[in-house]
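Every chain is named by a letter (A, B, C and D) in the order it is written, and numbering of its residues begins at 1.
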Amino acid sequence: MITKIVENAWAATEGISDGMTVMFGGFGLCGIPENSIAAIRKRGTKQLTCISNNAGVDGFGLGLLLETKQIKKMISSYVGENNEFEKQMISGELEVDLIPQGTLAERCKAAGAGIPAFFTPAGYGTEVAEGKEVRIFNGKPHILEHAFDASFAFVKAWKGDEAGNLIFKGTARNFNPLMAMAGRITVAEVEELVPAGSLDPNSIHIPGIFVQRIFKGEQFEKRIEQRTVRQKQTS
Amino acid sequence: MITKIVENAWAATEGISDGMTVMFGGFGLCGIPENSIAAIRKRGTKQLTCISNNAGVDGFGLGLLLETKQIKKMISSYVGENNEFEKQMISGELEVDLIPQGTLAERCKAAGAGIPAFFTPAGYGTEVAEGKEVRIFNGKPHILEHAFDASFAFVKAWKGDEAGNLIFKGTARNFNPLMAMAGRITVAEVEELVPAGSLDPNSIHIPGIFVQRIFKGEQFEKRIEQRTVRQKQTS
Amino acid sequence: MLDKNGIAQRIAQELKDRYYVNLGIGIPTLVANFIPKGINVEFQSENGILGMGPFPWEGEEDADLINAGKQTITALPGASFFDSAMSFGMIRGQHVHMTVLGAMEVSQNGDIANWKIPGKMVKGMGGAMDLVASAENIIVAMMHTNKSGESKLLPECSLPLTGLGCVKKVVTELAVLEIKGGAFHLLERAPGVSVEHIKAATAGKLIVEGEIPEMKF
Amino acid sequence: MLDKNGIAQRIAQELKDRYYVNLGIGIPTLVANFIPKGINVEFQSENGILGMGPFPWEGEEDADLINAGKQTITALPGASFFDSAMSFGMIRGQHVHMTVLGAMEVSQNGDIANWKIPGKMVKGMGGAMDLVASAENIIVAMMHTNKSGESKLLPECSLPLTGLGCVKKVVTELAVLEIKGGAFHLLERAPGVSVEHIKAATAGKLIVEGEIPEMKF
C-alpha cells in the first residue's frame, strides 16, 4: 500500500508558493479545508489564484486569506457576503473570474479525468460565452469549456485512511471530490484518520490515488452561515 | 418521495420495442442485468442496438439475445469469447462498433450529465479517429467524441431502495452507474430491495433521480468467466 | 394581489406528481410549503442533495447539511448526497423536471436576467446559468414591477442575461403568464387584479385572449 | 533468453516506490509476482479496482470481484471500487504511473499495434487505446519475434495501430530496449543472449552504444 499521511497542516502545505493556482473545496462555509487555509495564512504565500465556489466570509474560510491579501484572483461562481472581498474587488486589488457553478464543477472533474475540454449549454447567449466556441448539438447551442490546471487542491473530508481514500459527509461533499481529482498535489484534511482496511471499499468517494497528502485536522470550527430552524411547538 | 418499484422483470421491460438503442451494464459477466436480459429474450424484441462493454458468452449474458438474433448491432469495447457472436459477425448478420473502453464509459456519463461532446486522447492516430475532429490541447492531440442516446438502460445493483437509489458491490459496479445516468428510461434490478431510509444517503452510488424502474431480481446466477484461485497449501 | 406566499402557493400548483424540482433562493424556496395533496415530489439542491426536507428543529442543525442558500436543512428518507458535478449532471441532463427561480427581468421571448447589475457589486451567477440553460420547465417567481414601479416583463432585457429564451412561465403578485411565440400570454389574474392593471404593469408584448380567470387556491 | 516469468521479473525492476500500476492481460499480469523488496506499489484494474490483491484462495472466489481479464481476484486493505468512468479518469488523467501491456508490433517511434489483425476476427481494443494514449510510462512486454520468427520490433507497424508514439520501453525474452529519437536503444541483454542475436531479431532501427550489460536479477 502507498501511504499518504503527513503530520499536520504545516507539512501538508509544504511547497505552495507565490503565484500558484490552487483549489479549495467547499460550498459556502460547508466542507472547507479550515486547517489548510490556516496553514497557508501562516505561510504568507502571496499572489494566489484561488479556484473555489465561494470566497468565504469576513474572518472565516478564504476570507482569512483575503484579509492578509494573499489572493490575487478568485475563480468562483458566487462571491457574496464578504465586505473585504468587495473592498478589494472595487479597489482593483483583486481580480475575479465568475463561472457558472456547474461549469466550475465540470472543469474540475475534467481536469482530474484527462478530458481537456467539453461542451456545455450553460452560459450560452450571456457574457460568459464571449470569445468561446459555440456549437449546436441536438438543435441546442453549447459552448466549449476547458479543464482547469491547479498545482494544489485543498479538500476536506469526513473520514480518510492512510492510503488516502476519502469519504465525505452530507452536503460537505460538494466540490471536494472534484478538486481532489483535479489537483496536481491534493491535500486532504479529515476529521477521522483511520488505518487502511477500516473503510468499506464500496463506500469510498475518492480513491487514494487522487490524494498525495492526508492529515487529521487539528480542529474544525464548521461555522454555519445561515442557521435556519423550525421551532419546536410547546404543547 | 417518488417511488420506482415495479413488480418484476417483465413489468420493468415494458415499452422496449424493435429497433431501439439500449444499454446493458456489466463488465464481462460481472454485474450484468440477468433478469432484464431474460425478460427481453422472452419479449422477443428485435433489431436492438446494444451498448454494452462486452457481448456476453455463448448461452449467458447478452449471448442469450444473440442466440435468438434479437441484436442488430453491438457497440462495445471487447467482444471475445463468444462463438455465436463470431458467426453472426462473419456472416454479416450482426454489426459491430468497437470503441475504446474509457471512451465508451465517458460517452455514457456525458449522456447522463448533459455534456453533448468532449475531447479525449484515446484512439488518436488509429482507425477509431477516422472522420473525427482532432484538436491539440497542451501539445497533445485529442479527438472529439459524442454522448450516447439510449432509450433504455438496464443495470444491475447490489442494493436499491424504493426511491430508486442504488449501491453496487465490488467490481460489479463498472458501467452500471454510468448507464443508469444515461438511459432515458433506466431499469435497475437489485439483489436487495429495501425501504427508503434504509440506505446511508452518504453511500449511495446512483441517486434515485436517474432510475425510473426498480425491481428485485428473481435470481442471480452470477456466472464466473475465469475462475482463478490460489491453492491452499496443506501443511 | 398576492404576497410572496401567494406567489409560491400558485407556483406549487404547477408541480406534477413524480417531479424532481430545484427551487432557487427567496420566493421559490417557499414553494416547498405548498405541495398539493396527493402529489409526490422531491427537491434537489444543487450543492448536492436530493430529497431535501424542511429546516431542522432547533438544536438539531448540522453544519454539514445545508441547501444552496447556505441554510441548514434536513434530509428525508430516501435522500442522497452527491458531489457538485453529479448535481449539475442531473440538471444539465434534464433529470430535474422543474426549476423555479427569481429574476430581475424577463423578456417576451423568455430571456432572463437575474445575476448582474452593471455598476453594482457583482456577486456571481452561482448555479443559475446552468439551471436556465438546461431545464425544460423554468418558472420565474418575481414581482411584476421593480421598486421604482417599472415593469420587469420587458420586450428585451436591459440587464446582462443569465439565459436565452428559456423561461416558460412567470408568476407574479399580479398574474400567471406563459411565454411563447415572442409574447407574454396572460393565463390568470391574481384575486382582485384587473386585466387593465396587468396590462399597465407589463412593458413587453402581452396577449390577452378571451376571459382571463382569477387564480384558484 | 528469458521465459515469460523472466520478462515479468525484469519489468518489475522498473517499478518505483509509490507507483500506481496498470497491468495488462498475459505476461504483464505476472509482474505482480515480482515486486522488488522495499517497494510499495498499488495495482489498478480498469474495470474498477485500486489495491488489487492476488487470486483468492480456492472456495473464496467472488463473482463480484474480478480484474480486467475477468479473473477472480481479491482486494487488499486500502482498496477501493469505482465505476468505469472514474477508472479511465485515473488513466487519462495520468494518475496511474505505469502501464504494462502486450503487443503484436512496436515501431521504432513508439507506435503500438495490439488489437486487430485484418482478416481475423476482431475482438476489440478494450481499454488498450485509452491506456496507451494516456500513460506517461508505457512498457511493452512481448516476445521479440512472432511464431514465424519475424521481428515484432519494426521500422513501422504493419497492423492497425492502437496508439501513436507512446511506448517508452520494450522488454522481450532477448533484451530491454528504450525507444527514443525514432530508434530502439539496446539497454540490456538477456542472460546468454548476444548483441548479434538481438540485432538479427530486430527489424527496426537499433542503436547499440558501448558495452551492453546483461540483465541482473
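As a working rule, a contact is a pair of C-beta atoms (placed from the backbone, for glycine too) under 8 Å apart; a residue touches a chain by one contact, two chains touch by 3 or more.
Everything numeric in this text was worked out from a predicted model, so none of it was measured.
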Item to check | Pair sharing more residue contacts (C-beta pairs) when A-C is set against A-D | outcome: A-C
Item to check | Most distant chain from subunit A, judged by the mean position of its C-alpha atoms | outcome: D
Item to check | Centroid spacing, where centroids are CA-atom means, of subunit C and subunit D in whole angstrom | outcome: 55
Item to check | Cα-centroid distance, subunit A relative to subunit C, in whole angstrom | outcome: 28
Next on the checklist: Distance between subunit A and subunit B based on Cα centroids, please, to the nearest Å.
Outcome noted: 32
Checklist outcome for this item: Cα centre of subunit A to Cα centre of subunit D, whole Å, reads 36
Checklist entry - What positions in subunit C touch 2 or more of the other chains? => result 75, 81-82, 85, 88, 91-92, 134
Checklist outcome for this item: Residues in subunit B with touches to at least two other chains are numbered 106, 109, 113-115, 120-121, 168-170, 173, 201-202
Checklist entry - Classify the inter-chain contact topology: is it line, ring, star, complete, or other? => result other
Next on the checklist: Going by the touch rule stated at the top, which chains touch which?
Outcome noted: A-B, A-C, A-D, B-C, B-D
Item to check | Complex contacts: residues of subunit D adjacent to subunit B | outcome: 45-49, 54-73, 75, 81-85, 87-88, 91-92, 111, 121-130, 133-134, 160-165
Checklist entry - In the complex of these two chains, what residues of subunit B are touching subunit D? => result 27-31, 53, 76-80, 86, 89-90, 96, 98, 100-106, 108-109, 120-128, 158, 168-178, 205, 222-232
Checklist outcome for this item: Interface with subunit A, subunit D side, in the complex: residues 18, 20, 40-42, 44, 50-51, 75-82, 85-86, 88-96, 134
Next on the checklist: Using the touch definition from the top, list the residues of subunit B that touch subunit C in their complex.
Outcome noted: 1-3, 109, 111-115, 161-163, 165, 181, 195-197, 201-202, 204, 207-210
Checklist outcome for this item: Listed in rising order, subunit B residues that touch subunit A in their complex are 106, 110, 113-121, 135, 137-138, 142, 146, 167-170, 173, 200-203
